[in-house]
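Several structures are given next for inspection.
There are two complexes below, and they share subunit A, which is joined by subunit B in the first and by subunit C in the second.
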Partner chain A sequence: MTSSASMLKPAGGAGASPLPPRVSDWLRASLRDGSVIRWTGAAGALIPVAALVFILIILGVKAWPAIGYNGWGFFTGRVWSIGNLYGNPTSSGGVEHLPGAQFGALPSIIGTLGSSAIALVVAVPVSLGTALVIVERLPRGLSSIVGAFLELLAGLPSVVIGLWGGVTFGPFIARDVTPFIARNMPNVPVLNYFRGEVGNGQGMLTSGLVLALMVTPIIAATTRDLIRQVPILPREGAIALGMSEFETARKVTLPWVGGGVIGAVVLGLGRALGETMAVAMTCGAALGSVPTNIYGTMTTIAATVVQTVDGAFQDGTGFALRSLAELCLVLMVITLATNILARLLVRRVSGTALPVGRGL
Partner chain B sequence: MVGPALPSSPAKAPESISETGSTLLFPLISAWAQKYQSLYTQPPADKLPLVTITTGPTGSGVGIADATTGTVDIGASDAYLSSAEKATVPTLENIALAISAQEISYNLPGIKNLKLDGTLLAEMYTGKITSWNDPAIKALNPGVSLPNMKIVTLHRADGSGDTFLFTSYMDAQDPSAWPVTNVSTAATFPAVPGALGEQGNGGMVAGCAATKGCIAYIGVSYETQTEKAGLGQAEVKNGAGKFVLPTAATIAAGAAGFIAKTPANETISMINGPAAAGYPIINYEYAIVNTKQTNGTVAEDIRAFLHWDVATGQTASFLDAVNFQPLPASVVQLSDALIAKIGA
Partner chain C sequence: MSLEAGQDKQPGSRPEPLATAVGKTPATATVSDDLRAASFRTTDLSLGFGQRTILNNITVEIKRGGITALIGATGSGKTTLLRTFNRMNDKVSGYRHTGDVLLDDVSIWDSRVDLMSLRRRVGMLFQRPNPFPMSILDNVVSGVKAHRMASRSGMRAIAEQRLAEVGLWDAVSERLKDSPFRLSGGQQQLLCLARALAIDPEVLLLDEPTSSLDPVATASIEALIKKLVPKITVVIVTHNLAQAVRVSDQTMFLNKGRLVEAGPTKQIFEDPAQDETAQYVSGHFG
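Moving on to the complex of A and B:
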C-alpha cells in the first residue's frame, strides 16, 4: 500500500529529482536499530502515568468551583441537593448554581468505608483459608479446578452479582437470616449495630457481603500465588518441630508472605471502594442516609455518582456536575491514600513493593 | 383544522429516531412506536419499517438531559422544562402528548382506599410520621384498623418526572411541610431510616411489593402491575378537600379546569386542582424535542411521528391500557403548533 502510493506520486514530476526515501525503508531501518521498540515502549510506559495525572487534573479543574463553594461542609454535610431546579440560578462568590444547592458527602463517605470494611472483615479470613487449602490441602487436579473457578468468579461482571444480590440474596437474608440475628444480638456497644430494623434486604450489610464475594477471589488468587512461592524447607522444618498444620500456616507460611498478603488485601479494598454497579443495586440508594444499624439503607460515593448523574445533567448551571466531580475526587484520594499506605506498610514488612504473582 | 401543515406520513428514505426518558410514558410511546412502524414500511411492502423508532425507559431526568445534549431525538418527560434548561438550549420545546396521573400506592395487606393528603405524605417522607398507626393517619381514616408497622418510604433514585409530580403535590397541599425549593425531578428526600431509592416505576412496583409497610408514588400506567402485586391505592385529597381515587373520570375532571389555561408553550402544572371530583396529581406527558435539528429527514420523521401520536394515537385502544386520558382538541392544536416548529 505504502510503496504503491509512493510510486504513483512522483510520476507527475520532471523525473530528474531523486525519489524521496520510502516509508517502508525508514520503517525497516528503525526496526533494525530498535528505535521503534524504544519509542513505543517509552510511550507505553508513559501512558498510565499520564492517564492518572490527566484524570486528577481534569477532576480537579472541573471540581474547583465546587470545592470553593462547598468548603469543608462537603465532608460534614448530610444533604445532597442540586437545589431548586425550577428556580432562577443564583451566584455566590462568582460560582453559578441553583438556589438552595447543598452538597454534603458524609453519608456517601461513611457508606463507602462501612461497606468496604464489612467486605474485608468477611473476605480476608475466607480468602486466606481458600488460598491455604488450594495450595496445601487439595490434590493437584482438584486444586487447579478450584483455582480456575476462583478466577472465573473474579471475572464475573459486577452487574450480574448486583442483580443476584438485590433480587435473590438480599431478600433471602432479610427474611431468613438477619431477623434472627437482630432479635438475639446483645444490646452492648458495637454489637448493638446488629439490632433493630432489618429492612427488606437492601442496605449496608447486603452491599458489604456482595462486595466480599467480589473481593474474595482477588485476595485469594493473589495469596495463593504468594503461598506457592514459600519454600518447602521452612515448612517441613516447622512440621518436624512438631507444629500442627494450622500452626505452620500461622507461624511460618503466612508471615513469610505477610507483606504480599497486605498488598493483596489492598487490591481487594481498591475494588470494594470503587465498586459501583453491584453496590448501587443492593445499597437501597438512600442518598443522604447514614444507616443507624448494619442493615440500614445507605449509599456510597460510587453509587451516589451513578444514581444522580442524570439529574445533575439537568442542572443548567453545571454546578451539580462539578459537585459530582468533587465527590469523585474524594473517592480517588481515598483509593490512592489506601494504596500508598499499603505500599509503605508492605515495604516496612517485607521489602518488596507489591504482591508478586498474577494480581487480578 | 386550520393548524400548520404537518406531514401525515414519514419521509420516503428509511431513517431511525430514538427516544428515552419517562418510565411513566414508556408503555404508551412503545405501543405507539410499534404500531407506527408497522403502518409505514419500506417499499416493496416488506416487513422493514420505514422509520425505526427505539424507545427506552430511563427516567425523565435522562430524557430531558439526552434531548438537551442531542443524544436522542425525543426525550420523554412527565415534567416540563425548567427555565434554566430552556436558557441552556432555547430551541427545546416540551410538547404535550397525553394526560397522565400518578397513584399513591402502599403495601398494607387487607387495607383498601386509605385516605391520604399532602401534609401526611410530606410528614412520612420527612420522617415525622414513622408508623402506620400514627394518630394523624387514623384521624383521616376513622374505622380503619391500622397496623403498628413501620412506614418505609420509597422514592425514585433516578431523575424522575414522577418525583417532580409527587413533590409538586406535597408542596401545593402544604408548602410548610414540603418547601417549593425541593420540588424537582431530582428532589432531595431527607434521610429517613430505612427509606429506599428505586430505579424507574418498575423498580417502585417491585420494591413496594417486596416491602411490607411501604408507601410509593407510581405512574398510573403501572396500575395493572400494582394491582397484581397486591398494593393498595390511596384516595388522595384534592384542592377542594375531597378524597379521590385515580380513575378515568376523576383524571378527566381534574384536567378539565386546566385545558383552557394551557399556554402556547404547554408549560403548566395541573397539580392539586380545585375541581371537587378531580384527581389532584395529574400532568401532561411531554416529548422534549429540539426544534432545531441537524438532519432534515429526521426532523420530518419526528414531526410526522409526534403528529400521528397526538392526532391518531389518542384512541382508547392505546390509552386505556395505560390509564391515560386523551388530549382535548384545543391542546392537540397547541401541540401541533409546537411540532410544526421542528425543522432542520
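Moving on to the complex of A and C:
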C-alpha cells in the first residue's frame, strides 16, 4: 500500500508508470485529510435545499404570465376553464390564451383545506391513542405486530385506498351513517354544515376520512417512536402520585414529546394536503364546486391538477399549463406555510416547560 | 439467579428464625391519635416476577411516625419491597405475590382500596429527580390537581407553602412559570419532594433519594426527612450505611430477598443479632 506512494517520490522514476499511482495517491491523500468526505457531505446537504429552491423557481417562472393575467381573481374565481379549444388564441396584456379561458382556484383551495382539516381532526386523536396503546398497554409481541400493520398501512398505494373509498366506503357511509347524522344535527353555526343533502358518498367527508386513514399511520408511527423515548422515571412519578394512566399520558408522556408530536402532525398534514389519487377518486370530481355542507362534492388543488392536466396539454398557447403551475405554487405555499407555522409552534411549546433537547 | 430459583421451588420452607420488628415496637401506642401517620405491616410476604423470586416470607412492621431504613446489597429486594408498599410492582409483567401488606390494618390489595387513593396516602420519591414537563408551579400542584384537593385559586398558595417547606421558595419564587429542568439536580429533587408532600401523604417512600445528589443537597434532603416525622411515616431505601445511621431510627437489613434482621438502628449497627448483619454493617460483605 505505502510502497506505491514511496515509489512516486524518487524524481523521474524510470520503471514506474506515472499516471495510475498518481490518481490513487491523490485519492488516498484526500481521503485521509477528510476533504472527500467534506465535499460529498456538503453536496449531499445542499441537494435537498437546491431541489426545493429549483422547483419553486421553475414553478414561479412557468406560472408568472398566468399570475399576471389571472390576478387576484385567481383566489376568488370558481370557474376553471381552459377556454374554447377551437377558437383562435387571443392575447391580453401580451399573454396568449384561448378565448374564454378562465381560472379560479377558490373551490380547489377550500376543498384542500377542508378535507385536510377533517383528516387531522379524525387522525390526530386516533393516532395519539394508537401510539400510547402500542407503547404502554400492549404486550411486547402484540405491540410489534400492531406496529408492523401500521407501517404496512402507511405503505398502501393511494390508488388502492382511493378505489376502496370511492367504491365501498363512500357509498356505505352515505347510505348507513351520514343520513342519520344529517337528520339529527342541530341547526346551529358550525354544526349546520353537517345537515342537508348527504349525496352519494362522493364528497368532502369521504375524502377527509380517507385522508385520515392515510395520515393516521404516519402520525401514529412517528408518535410511537417518540413515546418510546420518554424515560420511565417521570411516568412512574406520575403513577406514584396517584394519577391514572390517562392523566399520566396527558400530563407527562405527551407533553414530554409535545414538539415532536407537532412535527408528526405536520408530516401527516403535508401528506393530506398533497394527496392526489385517493382524493380524486372520492371527492366527486366537481371542478368549480364549493360544497355547501360537509358531504358535498368538491375538488382539491391536487385533484384539479390531475383532472385537468390532460386537457391543458391540448391548449396550444400553453396558458392552461401555466395556470396549473400557479395552482401548484399555491399548494406549495400552503404546505410550506403550515410547516413554518408548526416550527414556530414547536419553538414556543419547547420554550416554556419542556426539557431542553429531547435526549433527557 | 439460580439460588433464587432454588428458593422458589420450596416457597413453604421458612428461613432461619427472624428477629423481626413485630411485637418489638410498642411505639405505635405512644403516637397520639391526631397524627395522621399510617403504618405498614407485612405478613409472610413473598413476591416475584415470573420465575424469579425477589422477596421471601417477609413479616415486619414499619414503625408509625418513624424513619425506617431498608439496607442491603444490590439485588437484596429492598427497592422491590419499597415499591410494593404503593403497589408500583403490580403492572410489572409476571408479577405475583403471596402473603399480605396491611396499611393501618387494611390490606393494600383489598378490593375496597382505591389504588389512586392508596398512592395519595403513600407518597414516593425516586432515585433521580423526575420533574414533569410543565412549569415549576404546575409540578408542585400536579398531584393536588389530580386528586382535586383544592380549588383552582388555591393552587398558588399550596405551591408557595410546599416550596417554602422544602426551602426552595426563595430560589424559585421569581420563576414559577419556568421549566423545572433548568434547576440543579438537588433543587429538582427538592421540587419532587414538595410535589410529593403537597398531597398530604401519610407515608413517604424514599428510594435512594440522594444517590444522584452532591453532599450539600444530600444534607438538605436528610434534614427535611427528619422534619417530616412523626407527622409522616418515612421508609427510606439506601445504599449509604452512614445515611441510614444519620437519618433512621429503625433499620431493616435484607439479604437475597430475606429479612435478616430488623430493629432500632443503633442496635442493628452496634449490636446486631445476626452474623450476616454484623458483616454487612461493618463492610465485610459482597
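The working rule: the second predicted complex is superposed on the first by the 312 of 360 C-alpha atoms of A that agree within 3 Å, B and C clash if a C-alpha of one lies under 4 Å from a C-alpha of the other, contacts with A are read in each partner's own complex, and residues count from 1 in each chain.
Assume a contact is a pair of C-beta atoms (placed from the backbone, for glycine too) under 8 Å apart; a residue touches a chain by one contact, two chains touch by 3 or more.
Since this is a predicted model, take the numbers as computed values, not measurements.
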When both partners are placed on the shared chain, which of subunit B and subunit C touches more of subunit A: B
Subunit B versus subunit C as contact partner of A:G268, first or second or both or neither: neither
Partner chain(s) touched by A:W256 [first = subunit B, second = subunit C, both, neither]: second
Which of subunit B and subunit C A:P171 touches, first, second, both or neither: first
Partner chain in contact with A:A240 - subunit B first, subunit C second, else both or neither: second
Touched partner set for A:G111, first subunit B, second subunit C, both or neither: neither
Subunit C-contacting residues of subunit A that also contact subunit B: none
Contact set on subunit C toward subunit A in their complex: 86, 88, 93, 115-120, 123-124, 126-128, 130-135, 138, 142-143, 146-147, 177-182, 192, 195-196, 199
Complex contact set, residues of subunit B against subunit A: 58-59, 61-62, 64-65, 68-69, 82-85, 87-88, 150, 152, 157-159, 180-186, 188-199, 207, 210-211
Subunit C partner contacts - residues on subunit A that touch it in the complex: 139, 231, 233-234, 236-244, 247, 251-252, 255-256, 258, 352-356, 360
List of subunit A residues in touch with subunit B within their complex: 78-89, 98-100, 102, 107, 171, 197, 199-202, 284-292, 296-297, 299, 307-308, 310-317, 320
